[in-house]
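Here come two complexes built around subunit A, the first alongside subunit B, the second alongside subunit C.
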Partner chain A sequence: MATNNGKAIKKLAVPAGKWLAVLVILLWSLVPIAFMVMSSVKPGQDIFAVPPRLTFTPTLQHYVDLWTRWGSFFHGLLNSFIITAGATLLVVAASTMAGFAYSRIRGPWLERSAMFLIVVRLLPPIVITLPLFGVVNHIGLNDTHLVLILLYATFFVSLGTILMRTFIDQIPYELDEAAMVDGASRFTILWRIIRPLARQGMLAVSVFVIVYAWNEFLFAFIFTSTKAKTAPLVISEMMGSLDGVEWGVLFAASTVQLIPILLFVLLMQKHLVAGLTGGAVKG
Partner chain B sequence: MNTATSTLAQAAERPAWRWKKALASRAAAALPMIAPAHALVLTVLVIPAFYVLWLSFYSSTFGKAPSFVGLANYSHVLGDPYFWRALWNTVLIIVVVVHVELLLGLGMALLFTSGVPLKRFLLAATLAPYAVSEVSAAAVWRFLFDPDAGPVTQAALALGLPPLEWSINPAHGLSLIALLSIWLHLPFTFLILYAARLSVPAELYEAAKIDGATAWQSFRRITLPLLMPAILLAALFRYIFVFRIFSEAWLLTGGGPARTTEVVGVYLYLEAFRFNAFGAASATGWVMVLVSLLLGAGYLWALRRQGAGRGH
Partner chain C sequence: MTQHWTRRQALQSALGGAAALAAGPLWAANATLNILCHRVHQTSLTTGPAGDLTAPWRSASNAECAWTSFDTNPLQDRLFREASLEKTDFGVGFVVNSRATPAAAGLLAPLDAFQAKAPIEDFADIAPGLVSAMRFGGKLAAVPFRHATQALFYNEALLEERGIKAPPTSLEELVEQAKQLSFRSAAGTPVVGMVLASDLAVFPVTFARAFGGDFIGADLALLPDPAAMEKALTTLQDMFKAGALPRSYATTTNDDQVTWLQQGRAAFSVLPFARHTQLNRADQSKYPGRIKAMEFPMSQALKGKTAMASVTEFWAMGIPANAQDKELAWSFIRAMSSKANTVGAARNGNGPVRVSTYNDASFAKDQPFAAIEAKALANARVPLPAFPEAARAQTVFLEEVQLTVIGQKTPKAAVAAIAERVKPLLKA
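For the complex of A and B:
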């Protein structure tokens, strides 16, 4: 009888425990985002209402204020877009080429140079800001899109190369050989055969670079000031006014900055998982 | 004459020679393709890193010619109580953040594989924080935990719990930084562990079940050993990345109050860009590089071991 009861409880308890865990995960992941989005459409006086008001008349006032008073934010969004696109193109191109070479051509020193790409990635970004700050100012690259494109690309070209190598390893070498018999050069093979077949890998690499470049703070903080300022930097400036943070406007900006990249991540979920497993596990 | 040609022919036949020639031609083919990636890494990372090493032996600031000071910058940094405080804070944050992430990530990976309701939606929700920028996340954190009116503060007060006084209490400030860091990076750690768990063949668990193994036994004997390489990799990966933590700390507390919640990254930034002590900042930088390389040696070692385990 007792054991029967125990079993019945166990049967019920497992799903209940699971539901509880699911609920906790949902709250943990989504509550901060929900607060951000909700506060952006709450009338100013309701944002800090105690207890938090779940019913309120939504208003777009903060978005209007953002538009009229923070033109620099929308300029920042444009900058973020240009920089993200540039860095992504550069990383995908450079790492597809290198990944192809590392996949198809073997040799001890090539192995070492691939290892070098990984080891170099251990250098903390903040360390290299010290010398680059002076150099970038000196050659007039300060506050330009180019400097952030180069920095962001550099910090993902190692991971990109390793990922592309793993993906290209899965493309049969016989295809290369057949093309070589027809007299195709390595670059022709890369362009005509590998590029179309390695699209999955290129997408996986892009997801990582795009999320990083769109959200990055440290380099934008140090290397841009007005012209090339990215959206996260403008948001940090809104937050910086310690005594007079306009929470509604701040969250409106955060929401605008978040929505496109959030949709992108959710859309690309499959590629994110594929990227982390080198395409071994289909998400 | 005859002997000469035959020796030449023999030399050409010698495998070592042919091997070297083949290597050279392969190198020539590979070089243009790996050149862009290496050019980026060399100009943006490697050369500046060595320049920092050089700077760390000089006393320099804006608009002044640097003068050689030997190890003075290092002894300055290593004798600075603020540096040690920052280092200690960083170590504390690493220990908490990495291990909590691993524990939660592993738990979630197992939960997901055991079958959960609303799986697709739940996976999407779990990944959502990965898309949020450090800046926006810090803004939300400052709002939620606002010492006067923040919703979390209010909820804690309503439940009779002491609220986090993170703007005045260093321990609370550090906890908040750690919490934010976990929130931002848990999706990544979880994904690595989840992917590893998905690649464990289901037959192993079926076989264990047939042999009468309990859930705990199959976790202990199958899941944990097979996931160990991924756990180790995720751990070392996160050690290295949390060690360079900057944005979360800078945006939440800015190192305050009174420089008590600084991490090494913030310490370096302040030395360089606020106190204009480029020499001291460079020395700090190289301490960071050395610690990172040390952690990285562990990472590569783990990578090798995992590679060996997979049989390549």
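For the complex of A and C:
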């Protein structure tokens, strides 16, 4: 009897424990976001009230203030969009081509360069940032969209290539051989056969790059001033401590900054999972 | 009819948009002056009751201002990084006093020749102490623009709730009131007597000066009165023990000070006079109009004998030595430093560096504490003078102060450690 009870308790306790763990993780992840979104519509004097106020009259005033007084934020969003789009296109294109080469061509130099790709990923960005500042300034690329597109692409091409190689490895080589028999060049094979079949991998790579480029701060901080300044930089300006932080406006900006990327990740989560597990089991 | 947008069209639109952005407006003015500043400098020159003060200069110079703003430390890093290049696009950069070391000043263009050729109006009216702090080897490196002098802020409503009729007149009274004001208010809010950020030297230095001491004097004298510093640390430690400083003291920041005062979570704090408006804003504060400012009080023993040397920090406008158009930059500095623009910027929320501004009726009308601020400014000093290892010295000092306040070290031992650890940094 006691054994049966023990089994029943165990049967209930295990799923309950799992649900509890999921709940804790959800709370840990979602509470800061919920706090941010709620604070963006809370009257300023209630945001940090102690004890906290859970009932309040919502206001859009912080969003109005953001629009009227922080126009640079929306210019920053546009810059973020251009840079993110540019970096994503570049990374996906370069990674697909490189992944194709690594998947289909064998050779000692290629193996060594694959190792180099991993080493590049290990470098902390700050190591190259400061020496690069002078170079970028000298060639006149400071404060341009291009410099950030190139930098973001440089840091993500290695991961993108590794991911794309894994995806392309799963595409049977026989398809390439059949196309070669029909007279297709390497590029034709890549464009006509590999590209459509590796689309999921390309989407997975783009998700990684988009999330990174949209939120990146360090490079944008070092290499831009006015013309190419991105949204995260403007948000950091809002936190400037000399004239005091307007928390409501700051939370409104953070919410606006979060929405596009949140929607994108939710829409693309299927591909993101596919990207993470791609090549885990090879047939 | 359904209109399909092809990938090619999407790509072309994106590239077209990028090209349009990169090209910039075709109707731009002849010249652009790139200014590296904190946002507070930009807003005080462009936004507020006095309006956009740069407009007449822009019109007369046929130039546009391109503002790049960062928070204090990133701004200084960027300015000196730009100034160390072969050339920079920035014409004017704002320098904070604590970062204006001789080495840093060497990256800025000396301004004496510009001043001789096209002088700033009534230059002697700009606080001489601030100007002299920007002279290195006799050369003027930057022109003071903004000061932030520390005041003691108190929540009048909380004082009334505890039956305290008047704000403190001495440091000892302040400590007593702060202890009395550590309670749960009628609104259910837990109140601490005083909130201070633990990561800034301003506050322990203020307490030390109230006892007639200092951390590092203007002549680089380390701990000119060690006993005064010991008293200051003992006072802060006692306040923490009594719950008159927050339990979270070690992680409290400057922004917390503002929020806690606005929310009625603290009765006293030390912040620049210029924060008065923000602390009393109806859309942010639970006590609009009830948070008042006064000069930080001296210790009872020194009251009436020695004037309080309030802590002040200031910003100045400089021209990077590698700037492309120094004449344009100087004409901007000159215009923004005029008497009228100093008053205008003050009305927009700036701490005016001209003595005459405090006598201006329009400024006094907007700033109820103008007279108190002027009095505090008269004896104010920077928290520590600029020297090459100033940042490290401040870090060491703060480590010792924090350990003492939370009871991990005795004030005596902390003062001895400060003396021992900071001395080599002064020689470096």
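Keep this in mind: the second predicted complex is superposed on the first by the 257 of 283 C-alpha atoms of A that agree within 3 Å, B and C clash if a C-alpha of one lies under 4 Å from a C-alpha of the other, contacts with A are read in each partner's own complex, and residues count from 1 in each chain.
Heads up, the rule we're going with is that a residue touches a chain if its C-beta (ideal position, glycine included) is under 8 Å from a C-beta of that chain, and two chains touch if they have at least 3 such contacts.
All values reported here derive from a predicted model rather than from experimental measurement.
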Joint occupancy of subunit A by subunit B and subunit C, clash or fit: clash
Partner chain in contact with A:A101 - subunit B first, subunit C second, else both or neither: first
Of subunit B and subunit C, the chain that contacts the larger number of subunit A residues: B
First (subunit B), second (subunit C), both or neither touched by A:L203: neither
First (subunit B), second (subunit C), both or neither touched by A:A184: neither
Contacts of A:L258 with subunit B and subunit C, given as first, second, both or neither: first
Subunit B versus subunit C as contact partner of A:Q61, first or second or both or neither: second
First (subunit B), second (subunit C), both or neither touched by A:P43: second
Which superposed partner A:H145 touches (first subunit B, second subunit C, both, neither): second
Partner chain in contact with A:S236 - subunit B first, subunit C second, else both or neither: both
Touched partner set for A:P51, first subunit B, second subunit C, both or neither: both
Subunit B and subunit C contact sites that coincide on subunit A, given as residue numbers: 48, 50-51, 130, 133, 236, 239, 247
Parts of subunit A lying in touch with subunit B, wherever the complex brings them together: 18-19, 21-22, 25-26, 28-30, 32-33, 35-36, 39, 48, 50-52, 90, 93-95, 97-98, 100-102, 105-107, 109-110, 113, 115-120, 122-133, 135, 150-151, 153-154, 157-158, 160-161, 186, 190, 211, 214-215, 217-218, 222, 232-233, 235-236, 238-239, 247, 250-251, 254, 257-258, 261-262, 264-266, 269, 272-273, 276-277, 280-281
Contact footprint of subunit A on subunit C as seen in their complex: 11, 14, 17-18, 21-22, 24, 34, 36, 38-40, 43, 66-72, 74, 81, 85-86, 88-90, 148, 188-190, 254-255, 258-259, 262-263, 265, 274-275, 278, 281-286, 349
Of all residues in subunit B, those that touch subunit A in their complex: 23, 26-27, 29-30, 33-34, 36-38, 40-41, 44-46, 48-49, 51-52, 55, 107-108, 111, 114, 116-118, 122-144, 146, 149-151, 154, 158, 183, 191-192, 194-195, 198-199, 240, 243-244, 246-247, 251, 265, 268-269, 272-273, 278, 281-282, 285-286, 288-289, 292-293, 295-296, 300
Touching residues (chain side subunit A, partner subunit C) in the complex: 43-45, 48-51, 61, 78-79, 82, 85-86, 89, 130, 133-134, 137-138, 142-145, 221, 225-227, 229, 236-237, 239-247
